[in-house]
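What follows is a single structure, and I will ask about it in a moment.
Letters are used for the chains, namely A, B and C, taken in the order the chains are written, and counting of residues starts over at 1 for each.
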Amino acid sequence: MVDHLLGIEGLSKSEIYRYLDTAQSFVEVSERDIKKVPTLRGKTVIHVFFEPSTRTLSSFDIAGKRLSADTINISSSSSSVKKGETLLDTVRTLESMNPDVLVMRHSESGSPHFAARHLSRASVVNAGDGAHEHPTQALLDLLTLRQHFEPKGLGLEGLKVGFIGDVRHSRVARSNIWAHLALGNDVRVVGPSTLVPHEFADSFGSGRVKVIHDLEQGLEGLDVVVCLRMQLERQDEHFIPNLDEYSKEYCVSERVLAKCCPQSVVLHPGPMNRGTEISGDVADGPRSLIRQQVNNGVAVRMAVLYLLARTAEPHEEYER
Amino acid sequence: MVDHLLGIEGLSKSEIYRYLDTAQSFVEVSERDIKKVPTLRGKTVIHVFFEPSTRTLSSFDIAGKRLSADTINISSSSSSVKKGETLLDTVRTLESMNPDVLVMRHSESGSPHFAARHLSRASVVNAGDGAHEHPTQALLDLLTLRQHFEPKGLGLEGLKVGFIGDVRHSRVARSNIWAHLALGNDVRVVGPSTLVPHEFADSFGSGRVKVIHDLEQGLEGLDVVVCLRMQLERQDEHFIPNLDEYSKEYCVSERVLAKCCPQSVVLHPGPMNRGTEISGDVADGPRSLIRQQVNNGVAVRMAVLYLLARTAEPHEEYER
Amino acid sequence: MVDHLLGIEGLSKSEIYRYLDTAQSFVEVSERDIKKVPTLRGKTVIHVFFEPSTRTLSSFDIAGKRLSADTINISSSSSSVKKGETLLDTVRTLESMNPDVLVMRHSESGSPHFAARHLSRASVVNAGDGAHEHPTQALLDLLTLRQHFEPKGLGLEGLKVGFIGDVRHSRVARSNIWAHLALGNDVRVVGPSTLVPHEFADSFGSGRVKVIHDLEQGLEGLDVVVCLRMQLERQDEHFIPNLDEYSKEYCVSERVLAKCCPQSVVLHPGPMNRGTEISGDVADGPRSLIRQQVNNGVAVRMAVLYLLARTAEPHEEYER
């Protein structure tokens, strides 16, 4: 019986805390002179990315290497997937190499779940599937918030959290929302109705996620503001009239934050479009936790790999 | 004096068994919790692939890493070969990095042999050269057959083996045929005369390989049926009329196997075109050894790297 | 306080010798059976190459692995730099992964210096920035010369050194010239005025580098002849009339060397255009040190990584 991390949906509060506690314990490893532990020596982690990625892939790769795992990167550009091989054949080929963990990014929702159903011995980690989930991003966002609130005697619960902008297409928003609902937080999604449809909110259960189309009203009283990346092609797809008009109405600026939620902190999953969904003064200002988010990426991925692939006695065969 | 694995042609029966025995001993390593041995620690394996590959490259890469070698991947897309550097200059540049093993795939037959002649200290492994040889694929096919036949009290000798389909362009067929001839087996090639020319058969020595153009006659009494991948561009090159007509006459289906060689097992080097050269019921049915083939890839490549690059006292310098 | 290697400009003679002494001590490691030392175990080296490269990247990658560092390769083709992320955002993302060394190649001069200014804890190595510097190439050229001259009772000082050909665009020439000036050598640049402008020579300080437009006069009495790669696009850019005429006047042949500087040795950074900037008889002849240059690449990069990233007690955490 192997475990997977396919999404935040369905995780209990205690499972979320287990990931966060473990991740926090790994933060320190990357700050050592010798930033490596032998925990996953002799384990194989295969990264199979059907969408291009630098940050997430590098972050997983470094995480695996700092745990002493062997890591292999397979990208779609070099892959026989191009030659029309089915996802099932690809998954079976990968399984034949006896990986302990398969980290998968795919443009189609549900692909990692498909892989997990067809693998008997490898754990699957979803590194982003379509507009569905991106669970390690949500975990690093939570870890960042916890590091911010705990020294103030607060925690991750009882927060008012808003997601601003292109909610409809955001796997980051989706994974984060499941997490905040599990933690019992008050969740809002804010943006124009084309990008923030009621059906989206309803998919989390009736009435659990509030939809607000006016920015100031949406920000009112928030503790946590999560700005989402606007993808430029949304304009051609007629989800927004044009970027200038969009940002005039929805760009999160210091002015509007100071007015509506002066105590709030701001997250952004990156890469940012400064001036479109977030203003430069917010991105680089004191309420921004954006650099801390990036800094937590490796620790969170180390925790996930560790929790899925560790075994009771990791050293017995190798240390002869 | 260094050894190479440039092809199966010229290997003796005992050399083939040495590879298979060693490979079998490595199967178990990949099933351990800690799937890694320190045998090639401090050795450098460079993969230089001038043709795209996922399976073979990943399989070699994992094999090297499970032996604790350092592995480096150089693909033609990022290579200065593009800038018109000659193969000789490339080989000399690679040699200057003191690799222990160079694993090479190239679209031109004989390229790995050229490299081997110009390298004084590195072993060369042919990972596929044009339509010439692909020796590790043949070894993993043999290992798969041995694992199937030995528990039945049989072995790899005294078999009737047929290669079906696009024999002319197949380095997999060529390497396998040399192996089965060395083992003294009865070898046939089966397909339309455009894909299975008499010159091909004659290249193994007069009368050693039988040519049969009718599928049922070709399958008659076979122990081992090796289906070969049809490359779609063959149709444009006028080697076959069209895929539909081809598969009507030559697709290996359960119906024809049950009629002509009910005891046979089936191999396919992958990736498969289901419905063209092999039917789905054969691919997924009880006589298919296709998944076992893939499963043996890493063990065979571990064996090859080990036999070429190991030294008598591998640990003396490192274990201080 | 971290060190960087951004260029040869500004290095003292003793700093240059420190790199060369260290590099010489690493030559032997790559000739061992077990060509690996645990010196940088637990260190992370990120290669971020915004220009394609095989030789330099592979050479750094092997150097890092032979020192037991974890190495990560990020190339621009897979990078979110493509999506318009600024260099600053990229550098910050990379820093968040806590690398010990960032090895950067970039088409714009000064990019590694920019990165170094914005990184507080990682060392930056310039692996080539525009037409500016390529310091590890200069170091391996010097090491090659030292290995040649020292057995003859000579050293690296008191030499007459000439750079022939496309000096204007050559970061290799620029880094080498700074080195030879620091060593007190007599330096000349030789070629047509379009490729060897006086402004170039003046950038090293007035009168320190001699400009000569006639090949025979330029070669007269040289101890070291450095041929530079002619980039084919120079013709379209009207820096040279055409390659045939260029090579008639400036190709370094055995005939002209025997006449003007019979004792000289010849370097070329590769890859060579035989018949354009260097004749085949020189490239493969007895005065060529070109293969030794390539052979020194890994040792020089090991020395650079070692000197920048080593710590006093590298094993204390890992060897439990």
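Rule of thumb we're sticking to: a residue touches a chain if its C-beta (ideal position, glycine included) is under 8 Å from a C-beta of that chain, and two chains touch if they have at least 3 such contacts.
Treat the numbers as computed from the prediction; the structure is a model and nothing was measured.
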Magnitude of the superposing rotation for chain A and chain C (Cα, nearest 5°): 120
Chain B against chain A, contact positions shared by both copies (same if over half, else different): different
Separation of mean Cα positions, chain B and chain A [Å, integer]: 41
Contacts with two or more other chains, residues of chain A listed in rising order: none
Residue numbers on chain C that touch chain A, as the complex places them: 41-44, 46, 70, 72, 74, 78-81, 83, 85, 89, 92-94, 96-98, 311, 313-318
In the complex with chain B, residue positions of chain C that touch it: 30-38, 52-55, 57-59, 61-62, 65-66, 75, 77, 270-272, 291, 294-295, 297-298
